[in-house]
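Please go over the structures that come below.
Two complexes follow with chain A in common, the first pairing it with chain B and the second with chain C.
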Partner chain A sequence: MSVALDDRPTNASGHGRLLVLALTWLAPAIVAAAFLWLIGDVVLRGIGGVDWNFIVDVPRNAGRAGGIAPIIVSTFLVILVCVAVAVPLSLFAALFLAEFSRASVPMSRIIRLSLNCLAAVPSIVFGIFGNALFCVALGMGYSILSGGLTLACMVLPILIRTMENAIRAVPEDYRLGAAALGLSKSQVIIRVILPLSIPGLLVGLLLGVGRALAETAALVFTSGYVDRMPSSLLDSGRTLSIHILDLSMNVAGGDKNAYASVLVLGVLILVINSGIAALLFFSKRRSGLTS
Partner chain B sequence: MNAGSRSFGRFSVMGFLAVFVLSVLSTGVSATERLMVTGSSSVAPIALEIAKRFEATRPDVQIEIQTGGSARGIHDARKGLADIGMVSRRLEPSEGDLTGHTIALDAVTMITHAKNPILGLDRSQIIDIYTDKIDDWSQIEDFKGPIVVVNKADGRSTLEVFLKYTQLKSNGIKSDIIIGDNEQAIKTVSTNPLAIAYVSVGASTYHIENGLPLRMVAVDGVVPNAKSLAEGNLPMIRELNFVTAGMPEGLTAEFIAFATSPSVADILDAFYVLPPAE
Partner chain C sequence: MAPLDVTSDSIFWRVNDLTVSYGKALALSSVSIDIRKTGVTAIIGPSGCGKSSFLCCLNRLSEMIPGCCVSGRIEIQRENILATRFDSTSLRRRVGLIFQKPNPFPMSIRRNLELPLREHGMRDSREVDSTITRCLTEVGLWSEVKDRLDAPALSLSGGQQQRLCIARALVLKPDALLMDEPCSALDPVSTAVVESLIQSLSKNYTIVMVTHNLRQARRLGSDVAFFWMRDGAGMLIEAGSSDQIFNSPRHELTQRYVLGQVA
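Our next item is the complex of A and B:
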């Protein structure tokens, strides 16, 4: 844009500059319009169905009446299992890739290749894999646990990638300085590298949770369809996105509450993301890094 | 010193988490009797409501409904992964190892946009529309425009009912749009005056009552309404079945008996499906 607004005479014709200027304004305008239309549509159609009862009541009449309390609880539990498993696993994997192996070593190349492949796998495949492994082979059945673990497998690539980049972004001088002071490798990691890479780790978490919250296909076959209030992690629990799918596809007259649920899901994503963004803001201030 | 106390803090947090997870896991092991029901996603919402009513009379019982399509219902019932499979079509001769229990009937009908003046079609016209021998509405009625033929994806039970009625093969159908289920078909036709689709009478009745611009077309002269449904005159009918491997026993038998009893009539009504004929 700075090019187009530049006053200095250039070789580019006036028309060309105008075109570039128009395109650079038009493209974001289209994106913003699509976003606003989507949000507007969801809010307008959903707001009428959301009240306090909708949040605290159980679904009745196949979700056409009543509320979504058990579904919100199940959604939270599935995300909790996913994060509790995926975050430590990907943190250590990222540490290995960034600190303990050279990029050219076959082992780390294989890991990177498999991560890229995993990231490209459609989520329905994760669903069927999760069903075969967690539900059937490991005997967890349709449960929140199976669903959370399946989601964890699904968000691993994105988490490891962002965490690895965050760790790599810590300046090399810091490592050398810490080593010169006589700190061991593990001390450097715990005292220097991890605190400094927290903002990056949070960004990974943000992307992972976002993907997990929106997931449907991977959960239909793992956390399942039951809309009862879960009493343990071994109970099947329906998440918001599955509830929305069922109401809009299988239940005649479920549209109104489907829109209301979409609105709740939207607000939930907004709240979780702002929470992580706030953490990000404070951790950046604390670390003193501006990058 | 400082480092020591901090790492102790970390360990206590992990210990707390472990205890929490274990306690949450262990509460799942209780004395409730469980029944697993999997299969057709169009039967699932109905089965879920029936299950809730059954559970209200039997607090010691939990019925788990899971979806995945009729094929999954057949598979799971056969392999013993489910006590009951849900199948939204009649059982085939090759499925003689399974016992079917019809819980409801759902008729399939042709729908068009309310602006379309067509009131009735017969079987040969429907076949010609779905094989592109008739490709403009003007060939049937005083209404101009290319016909937008809406078909369902393979494996959908309404497609199977439609194929059985028309005796067409799935790959012989020439369609403009292929969609997955009734709700999608209804949305497509209600926004396109040139479209035609086949959908469940139950779903379309609901949407017509709620003001969507749709019309159920008379097929072979039979108009889908409460009377023709009750008399079983409609040419395209699908069964909504519970299937079991062999004869059901114990809790399975109890639940099936409940699901086929008059005490669920209002639930069937709420889904616009019919109780099975005696």
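Our next item is the complex of A and C:
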């Protein structure tokens, strides 16, 4: 009697466990399969198009032939402008939010609210805004500068929020410890808090750059389509993502080089990711925070 | 409260009517006490009686705590350190603070000691190095770490970390050290090492130490102050020499507390 009573729930939960077990394996398997399929597809179709010539040559025949050298250069320049503008702005905004204002202060609530709104704005809207402000109103025209500045506006929310979290993640013990040594607030920030939040700041940078590298819509109306080698920041420049869009949507027979460009973009993202991961690893090991 | 029976020259802190509150909650109500130069003043009492709040006022770290409001007077050499025009950073150079949980910065051992020195304007590298050597020797850590000054401070044991924190406070040549239960996070062996260190430091520094451990207070304290909590707010019941507090307390509550009859 007692055995029968005890058995049923055990059996039922046994089936339940099996189901949960199956699902916890199935779900990641599906995710992994989708990822591998995507990567595999890109690598298989793209690898044939990528050689040294592809990297150093200029696009020919609207990109059907030739390489992507000016595209890579333009991509780097746009990212450079974006990072150079967005990182200092974000860092100081994050410092303000984390160190100089309490959560309840109206100013910080307004900033937080606007960041949330900015984060929800579709990138095409940033594109149109960037076109109106930088290209037209400020007279920069379709240029790498306009594109980079537009991207900077776009990545600000994500940068500020991750950087704010990184600064807040520095334990209060260290703040008090440094203050107890007679360090002023600015010394505490520069010598203790910022050095200790570098890993988190790098993660923010990584997210921002990743977002910027992948961006297309915000750049169509700002940095433009021109696939010549840029000679200054005021030249129009075509980034990798726009090149891919153009080849696959507008150029018949551009598929092969589109895939090759996707592969280059993928490798680029991978390299940047690994670079920052390595930096992270070494900065953590130096501080003794890793086990 | 009856002041300690000493002349004013031998007083380091003269605390008068000190009241601390956090928002609307009163944490410490009207504490008056004189703290003698050199020696260890042990502060005992149950949890929540405002011992740590009191300690934080002595170097004005209280102003870093959101919502913390301090009133009253604390004098060092007849100057009120609670006055807003009094420079709290220079005060903290003279009065080091050791936290309950060792908190060396997650940097190298050398950098932990170098940072306060450099930030306070010591430029000469040889002077920095000799100060580091002197302070590590003073806390008995030199022989243990001299070959790995560039190793992360967090790779040290808990007791070593706490001694490193004491060395970090000593590099600034303070007059006084505040210690907030400096041994409560340490094992018995490390506790013994840190205790004997405190004892030897007490010859040259004014030390105020919060402790939960009555035996530690008896072992180390030259003076003892007993805090208690009434209606949610901490207050000073009595202060005096260690011998007087433990053997012939004036207050019945003190007697019962040191005998372990109330907690």
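By our rule, the second predicted complex is superposed on the first by the 277 of 291 C-alpha atoms of A that agree within 3 Å, B and C clash if a C-alpha of one lies under 4 Å from a C-alpha of the other, contacts with A are read in each partner's own complex, and residues count from 1 in each chain.
Quick note on the criterion: a contact is a pair of C-beta atoms (placed from the backbone, for glycine too) under 8 Å apart; a residue touches a chain by one contact, two chains touch by 3 or more.
For clarity, every value in this text was computed on a predicted model and none was experimentally measured.
Undergrad: Contact-wise, after the overlay, does A:A119 reach chain B, chain C, both or neither (first, second, both, neither)?
TA: Neither chain B nor chain C is touched by A:A119.
Undergrad: Given the touch rule stated above, what does A:I269 touch, chain B (first), chain C (second), both, or neither?
TA: In the superposition, A:I269 contacts neither chain B nor chain C.
Undergrad: What is the contact status of A:L207 with respect to chain B (first) and chain C (second): first, second, both, or neither?
TA: After superposing on A, A:L207 lies clear of both chain B and chain C.
Undergrad: Once chain A of both complexes is superposed, is A:V192 in touch with chain B (first), chain C (second), both, or neither?
TA: Only chain C; A:V192 stays clear of chain B.
Undergrad: In the overlay, answer first, second, both or neither for which of chain B and chain C A:A62 touches.
TA: In the superposed model, A:A62 contacts chain B only, not chain C.
Undergrad: For A:D227, using the defined touch cut-off, is the partner it touches chain B, chain C, both, or neither? Pick first, second, both or neither.
TA: A:D227: touches chain B, not chain C.
Undergrad: Should A:V251 be classified as contacting the first partner (chain B), the second (chain C), both, or neither?
TA: first
Undergrad: Pick out the shared contact residues on chain A: the ones touching chain B in one complex and chain C in the other.
TA: Common to the two interfaces on chain A: nothing.
Undergrad: For chain B, which residues are in contact with chain A within the complex?
TA: 17, 21, 24-28, 41-42, 44-46, 48-49, 62, 64-68, 81, 180-184, 202-203, 206-207, 210, 270-272
Undergrad: Mind listing the chain A positions that touch chain C in their complex?
TA: Touch list, chain A to chain C: 102, 171, 173-184, 187, 191-192, 195-196, 286-289.
Undergrad: In the complex of these two chains, what residues of chain A are touching chain B?
TA: Going by the criterion above, the answer is residues 61-63, 84, 136, 142, 145, 220-221, 224-228, 231-236, 246, 248-253.
Undergrad: Provide the residue numbers of chain C that touch chain A in the complex, in ascending order.
TA: 59, 61, 64, 66, 89-93, 96-97, 99, 101, 103, 105-108, 115-116, 119-120, 151-155, 165, 168-169, 172
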